[in-house]
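Here come two complexes built around chain A, the first alongside chain B, the second alongside chain C.
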Partner chain A sequence: MTKEPDIQNSLIKKFGFLEGKIRIPRERRIFADAAPENFATIIEYAMKDLSFTMLCTITGLDEGATLGFLYHLAREDGIMLSIKLNIDKNNPVIKTITGYFPGADIYERELMDLLGAKVEGLPEGRRYPLSDDWPVGDYPLRKDWKKQEGANNA
Partner chain B sequence: MHKVVIPIGPQHPALKEPESFSVTLSGEKIMKFSAKLGYNHRGIEKACEERTYTQDVYLTERICGICSHSHSTCFVQAVEEIAAVAVPKRALYIRTLIGELERIHSHLLWLGVAGHEVGFDTLLMYSWRDREVVMDILAMLTGNRVNYGINTIGGVRRDVSPEQAKQILKAMDTLEERTKYYIQIATEETTLIQRLSGVGVLSNKDALKLGAVGPTARASGVDRDVRRDDPYAAYAEVKFKVITDNHNDVYGRTLVRMGELMEAYSIIRQIINNMPDGPVAVKVPRKIPAGEAVSRYEAPRGEDLHYVKANGTEKPERVKVRAPTLANIQTVAKMLEDRQLADLPIVIAAIDPCFSCTDRLTGVRQQGKRSKNVMRWEDLHSYSIKYYQEHGIDFTDLNKKLAKLLK
Partner chain C sequence: MGLVEKVVTWARIKSPWIIHFNTGACNACDIEIVAALTPRYDIERFGIQLKGTPRHADVLVCSGPVTKQIKCRLKRIYDQMPEPKFVVAVGTCSCSGGVFDGCYSVESGIDKVIPVSAYIPGCPASPKAIIDGVVKLLASLEKKEEKNKK
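The block that comes next holds the complex of A and B.
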């Protein structure tokens, strides 16, 4: 395991504020906490200079006062970099990364439907995965979401 | 020429699962293709948060009817990583064995579907007949044809006996011989080659850009396989080739899957011959300590990914699933650009979108009698009621009450 610390060091060298915000829980897994203002540059750097050319998916989390977004990037050699963003739940605006990864489109729509994220720069398109008649403002993956009465027991 | 928009689905005879496609045509040529998904959304991620880890093993297994072992393995791997469980080696070997058997049944199923979509139904009949060989092996090992229920947190629930190992090796010989025949058909039968070549083209550049996974990506020359790149279970200890192809079309996808079948037979032989002795599971506490993990698995259709976050209780805080078809469906629009409408079914089928086929007839041989009784649905139903009554579970009174209420 030598590549993972190297990646950590390159990230810290380029973005000093990441010092202490990177964890390597095991071989081939790196987690980093980013902030919205420098997020796009980190994604670009990871993709272009550190060869994280694959976007596996984006995980959305309800963490109380904030919504967490985990961008799972991967390299050909199996190393995964999960970059995390935390955004205020009252105005959860994130910028689209479809400019870097066109395949992110459907993952971002999933965040909009299930967690109520607002994705800036994402073109109009069909929603995913909820149905067209799903109530507006109802985000099922939020922790305070309640099932409607009469709905089947999930 | 005048443009026509054709809606296909969500319910359509050519589709095996509910999805909705909108195809813009100019004559026979496809100008634009868009897909609306989500008709199969069952809220499993939310449901996982409301259940215990053990229940979630069975729930994640039911995400897909074909890659059921893929999802449950991917899930338990993440939980085991968070709980820092050392899974016994023999259990890892058995997981790998079931995983490769699942790949064989999935790829043979695909071959039949592909044959059917291009009007080569003899291939469907042949490959699905041969698929029964591997289905019988899976039923023998786990008790089920799909949804094997073999995984548990900390290992597997059933061991493999030496007699079973012998039968598996015998089945591999049969299947290898049959697969060689299919490879011969795929490389020599001109009608098949001409029907599949140049159809559903996805360039290497587009496959990388759109994030294609599995055989869809590998047939466009993308040399990626989680089994080799991010090894899990026993894959670090077996030798296999990652099959790639540069045809970039449905023909290439066929060759990749046939090649993967041959590799699967070789992996299974290595697993059986080198399986270590020892326990198949360790006990894991019901409460999983707080933490998070990302687990990857090379399912028959491509990379499967589970993210699990634990909060120290018996239930997970969050379970996120990314199944391979979601990554691949985005490539279909590219594959269909400027192509004929008639190519649509095979192009969609060629990414191998998931669907379930578990219907079967049960034959029961009565002890001491040579004749075979075929049980009809009604017989199975009354048999199950009788079985549960004999085991102390009786719903007769409840059913009466329910009937009364419904009146």
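The block that comes next holds the complex of A and C.
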């Protein structure tokens, strides 16, 4: 376990504000807390200079007052860097990362449908994965979401 | 019953054509349906043939719970089939919704959307159970025909 602290140090060297916000809970896993304003530059740096060239997935979380977004990046030697964003639930605006990872498109649409995130810069497209007749403004993975009475027999 | 009708009923019982439709299954039941159709279990010995279009089919074989997205498509497929038509629900999910019942994107079992003639439970339903269910459906049709004769 020598590469992980190196990655941590180079991230802190480049982005001073990440000091104390990077955790290495175990081998090959690195977690970093980012803010929306510096998020894109961190992704770009991780991708271009630290060779985190793969986006595994994006996790969306409902954490009460905020929505959490975890971007799991991976390297070919198996080290994963999870960059976390916390955004206000009332106005959950994030920027698209499809400029860096075109495959993020489908994950971001999922965040829009299931958690109600607003993704800036994502081109228009069909909704995914909910059905076409799903009501607007209804986000089933939010904790306060309730199934509509009489919507079906369940 | 006219002669033509008699021949048609006879042909229907001796050789029902089926269409297989996945309404949101996890694919386990689909694999079992394919196993039932192919030579290992060979459901074709009852004259059953898989068809590529609902317009040629007498029996609609559904697997999986009905998702909200597939609901209107299922109705459309059902409407495209010529009368008389029968629906077989394969697997616990298509019988009642199973573990997916109450999920935000799932409607429920097949019978909430279209009428079902035979239910085959199981997770997944084994090919033996599928054959048993299909044979029971055919036997019930045969009985109906005998009643009509009398």
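Rule of thumb we're sticking to: the second predicted complex is superposed on the first by the 149 of 154 C-alpha atoms of A that agree within 3 Å, B and C clash if a C-alpha of one lies under 4 Å from a C-alpha of the other, contacts with A are read in each partner's own complex, and residues count from 1 in each chain.
Keep this in mind: contacts are C-beta pairs under 8 Å (C-beta built on N, C-alpha and C of every residue); 3 or more make two chains touch, one makes a residue touch a chain.
Fair warning: this is a prediction, and the values are worked out from it, not measured in the lab.
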When the two structures are overlaid on chain A, which partner does A:F15 contact: first (chain B), second (chain C), both, or neither? neither
Just chain B (first), just chain C (second), both, or neither: which does A:T57 touch? first
Between chain B and chain C, whom does A:E76 touch in the aligned arrangement: first, second, both, or neither? first
Touch check for A:F39: first (chain B), second (chain C), both, or neither? neither
With the two structures laid over each other on chain A, which partner does A:P140 touch: chain B (first), chain C (second), both, or neither? both
For A:S131 in the superposed arrangement: first (chain B), second (chain C), both or neither? both
Just chain B (first), just chain C (second), both, or neither: which does A:G103 touch? first
Per-residue touch tally on chain A - higher for chain B or for chain C: B
Report, in rising order, the residues of chain A that make contact with chain B in one complex and with chain C in the other. 129-131, 140, 154
Inside the complex, what are the residues of chain A that reach chain B? 25-26, 28-29, 31, 53-57, 59-62, 70, 72, 74, 76-78, 80, 82, 101-103, 105-107, 114, 126-131, 140-141, 154
Residue positions on chain A within touch of chain C in the complex are 129-134, 140, 145, 147, 152-154
Chain C to chain A touching residues, read off their complex: 67-69, 71, 97, 101-108, 112
Chain B residues touching chain A in their complex are 34-38, 41, 43, 45-47, 50, 81, 208-211, 223-224, 226, 229-231, 291-294, 296, 303, 305, 307, 309, 317-318, 320, 322, 326-327, 329-330
